[in-house]
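Here come two complexes built around chain A, the first alongside chain B, the second alongside chain C.
And then the complex of A and B:
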């Protein structure tokens, strides 16, 4: 795919200045290999430019109004703000791991569970993995991340872990708009299992853009449940790239719940490289106001006898925009593949938009692959039935919409998180603008 | 005699350009069970739908008073809160909404309207168990989605269960007997009979006389081409069964 050349824009100038100041100035102090990699990544980013709506993958999602807000790299920090108020409500979901502007904060217990990325990269085995699943070549967002990432973690699980890990990306917007590039590596060793929750919080009044890239390896017979919770106020924006590789008989459940935030673009990819692997991707969008939620999923079947399933649902109100682009790639060797995809949308307002596109690229001949998409309003018969029992129109709508949404939240394996999400959804559905 | 619960005067209703109800008159008093019979297409289900407030029908003429209030200007939910209940001919499946959540929301809405406190979880569960027993509904239904995957008989029993929970002033049963085998029919009828009371009235809409062996009406009406053309005691239903609808419709043709 060719990328249209982007004229020099003030946004790019700003990013170049940031790079010169922040990254080039660290030359000599930093890991030389890493420094070289950042340099290459930045060159690639400059070559590609920021994707415009002329780029097929960004047709419905315009980055420029977002970037025009003007985001700066986080300032040098002299003291840590207190995160207690932000983190306390999340502790009931699992073991909280806070990151402040990308930097992994010291956590008292389980020091072996996570390592700051900068430390881990001194180990050649981890360094070699960086960019293996998410290479920056040809990908402006990943290149931007690779040039700038600060902090991040390496998480390796070798047992059947029962307590979920909740990684909280706290972005400090107290001094103005901030952009944070987080980079994470994840390994679920053969036979091990992990439930990982990723969530974003913003401090202060400024707007915050998180560009998060995670590369994860799920080993033989291992299992990963990744829950992406996007429930922050509209000053929180995120571009996420989650590249996950599944070995033989590995299992992935990815649940993305996008019910808050301003601009959200999620690009999860499940690459099934070992026979018998299974990937389940679920997504929920509940958008109002001028929110934009874009789920760009990729499921790649590289070998035979794998299964995948996708269910993405959206409720759109106000002037919100929803995008679902579901790519299923079945490579020539991937015979006996079974792949399903469904996208269900309810549009409540005439000013809301949904763009939905299945993208099936099948190069094997013995596969079962289906997809379906619906866009509609609420079922009139069901509404009348509920009203005929005494529920107001608004209550009946909220009840039906909550039921629609809860099909996705029901997949979240952490009861307290599920309860919190459902309560949040119910609150939103009873708010004035929706329903 | 007391004031009627339901008073219908010269009711005309149409869907699109087709006039379906063409001047219905009916008075239903507390404690009474009225049966409305008639051949297919005579307007029986339309009458039920218009009374419940379905939006597809346009009332062009006439008046309906419910406990003295103008029923036709109320929203469906207001009618329910005032004590009108329609047991649907085709109960709707509502995936993801449990019967318990649904009924609790509905019942508390009705209680609020009556100026009563909402029931707490324990009181509500006890009430559900008690009323479910009336129509032999298993408590496992409570956590299942409303009507989802229910058999025809289960759906109809669920309608009567809701009736028992919501305790309406007037219950309209729209072809509740259709699709029921004899055992299910008896269960439904027993449930309805247990709910008969001096304050409550029933409007039982049916094509067949069979149901009326079990729910014995005080008055039987024959609806034909959008009008009630004959009214009589319960024996009228038996006579219709024996002679067929032609017996009344033919005389009506002459009258028209």
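And then the complex of A and C:
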């Protein structure tokens, strides 16, 4: 990664002031090692600066207009707001685990399953894992997170878990714009399986930026389904880094549904380090207004005999921008790799933009790697067919778009969630029609 | 399986003989190494250029001084010392040769070794050759015939003297002097190149050709080509390149500009087989070229075809700016890398006009320890209603030490655009090799056969004379890796 140009800006100064006030002043007596790590991370963050559009990975995604809104770290709180209204609709999806401004709240406890990060980090085994998959060196976003993270959870699954875990990141924007740095560690033990849903909610009128870093280990023959639901209103912004390592014969299904929010940048990475591992990545973008949805995926084949598949779809309307950068990396010796990637985009408005860059970097020869990418509009023939059957233009378009989107939502293994998402998508498509 | 690997290893071990590794013993006039305003004044003076040209060069030099060498490409090389390069080398001669007989016999032997005997081509192939040997155009054939049609085909220095209006109007209009680091360098120091102008409605009856060749030690070659096809004109232009064997790396930073007015068509074909360096990656040409065409008028067409087999480092992106409505851009490429060669090549298609179409077919073949990257951009501007693009980039890997990479950028700002991109990376299928073996074709021949078939889509776009040479080159380049 090239060193980005460091921008001296009021934004960076604000962050430095926050660091001095929040982190430096805390003496770090609770966990001196962690304190030292935060300082290193902050030094790295200052060295790198906030990535600008001159940085290859941020070419199409400008962070500065977002950060110029001015985000502050959440204030220390004395009392908990009631989250029932926010959490109730999510309970149908699975076991709800609420986090308020990064802090894990009391929930229907399963102590073996879930621990607050701060507690778990006192255990050397977990502490050592912090940053192993997502090191802050050379990565400004992770460094920023490592310097500031307020909390998060450590989730360890040892059995075949049937009930999905729904982690809800609630950001409190009632006192103004807030930035929350969440850090999660996840382990799916050999042979175990888990369905994890990550979702974001914002309280109040302020805008909220979530910088979420998750490091996950999927053990031998274990399986993880990670569903990232981004359906919040325009005031919710997120930068997510999900680093997942797959051991022998491990399986990963990552489904990202980005149908709401303001600025969304997702950087999932699947590292296949054990033979026979399989990663499936799916993504759906439905953007309108001034939304920006950026999916930067990495699939790295480090060993032989692994398979991966990616399908990302986007529907862009209004002044929205969609970005897709799908990197497939096949390291030397990762022979017999089979990697597929497809990216399909529909642009509905003349002011919407799609920037896509499917990228293959291949260092082994006995491989089968393909990627395909299309940008276009709705099939005229299909539209004509539907209209000849008596559907209005709007109805016909909404129907075709819903079908386009459903290919991704159909991958969601939780029925109630799938239904909710489809209903939400349909609502969005029809709301557009009325406008 | 293991048997195939053995054969491949065995073949990779044998050295790839660079067929064109010889040096012409011609007296040359070389300017001492170094780059400053004085050098530029000297070049301009030696070429007897008018004042405006000198100022143009100096302006470019000042741009260049403010620019940094770009490093975003997926290639690694030892840094270039721009002060160690000699910026001008011209064969010494008594007077302007009037016919081929007056050309230095040694020089003509050089071309004969290259397989392009001028008179033979004149008679047999009907190709007009503007041969550029170390920057100065040596002989231009078929001039008169072309002149009778109103076609101007001459060296750039001549054009500057004789057609200043055309040159001033179009030089730098597609690749401005401050476009990029290497274009600025070229604009400041270019020594010669080809100039071609086709008047309205003229269809050039023969294929025009320039044979570039870098000869002297430590001289960078900076040619500048400008082709203008006026309304409704058509031209097919061939460019071939070879360089003798050298130990030091030589820099080549050319600029090619194409301008197609309404209804015009330019077909530009390149076969590049400059010295790629030896098996360990010593020596070889640094080929950092800026090639760009603009479809200025309605329904114009520019087509790039390239076969890249040489150069230690290739870094070029022949591009088309589709400005006129209904204009068409094409890019067909075969890039072969072997041993320690590195290639980062592709194209840029910028759709500005309505109903513009572009098509990209790129075939990469990597062998040995080489790295081969496709890097392309398809951009559809907001006003480009009905734009259409299809891109296909395939990579073939031979051996497990090489790399193949694809970096396609697609930027669409218009809802009516249809853009498709597909890419595959694979090796030659065991089953296909087995099928050939079973029919009595040995592995080496089978691989050559498969590669030829793989590249056919591009080779078929080349003019006939070139297609034959290109096929041979493919075979030579991969000699010592497969066949």
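The definition used in the following text is that the second predicted complex is superposed on the first by the 429 of 435 C-alpha atoms of A that agree within 3 Å, B and C clash if a C-alpha of one lies under 4 Å from a C-alpha of the other, contacts with A are read in each partner's own complex, and residues count from 1 in each chain.
As a working rule, a contact is a pair of C-beta atoms (placed from the backbone, for glycine too) under 8 Å apart; a residue touches a chain by one contact, two chains touch by 3 or more.
Model, not experiment: these values are computed from the prediction.
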First, second, both or neither for A:395, with chain B first and chain C second: first
Which of chain B and chain C A:422 touches, first, second, both or neither: neither
Chain B versus chain C as contact partner of A:387, first or second or both or neither: first
Partner with the higher number of touched chain A residues, chain C or chain B: C
Touched partner set for A:338, first chain B, second chain C, both or neither: neither
Which superposed partner A:298 touches (first chain B, second chain C, both, neither): neither
First, second, both or neither for A:234, with chain B first and chain C second: neither
Which superposed partner A:403 touches (first chain B, second chain C, both, neither): first
Partner chain in contact with A:40 - chain B first, chain C second, else both or neither: neither
Overlap of the chain B and chain C footprints on chain A, listed as residue numbers: none
Interfacial residue positions of chain C with respect to chain A in the complex: 71-72, 380, 382, 395, 397-427
Chain B to chain A touching residues, read off their complex: 52-55, 75-77, 79-81, 85-86, 88, 91-92, 94-97, 101-103, 105-106, 109-110, 113, 145, 162, 166
Chain B-facing residues of chain A, complex: 379, 381-382, 384-393, 395-396, 399-400, 402-404, 406-407
Residues of chain A defined as touching chain C within the complex: 2, 56, 60, 332-333, 335, 345, 347-377
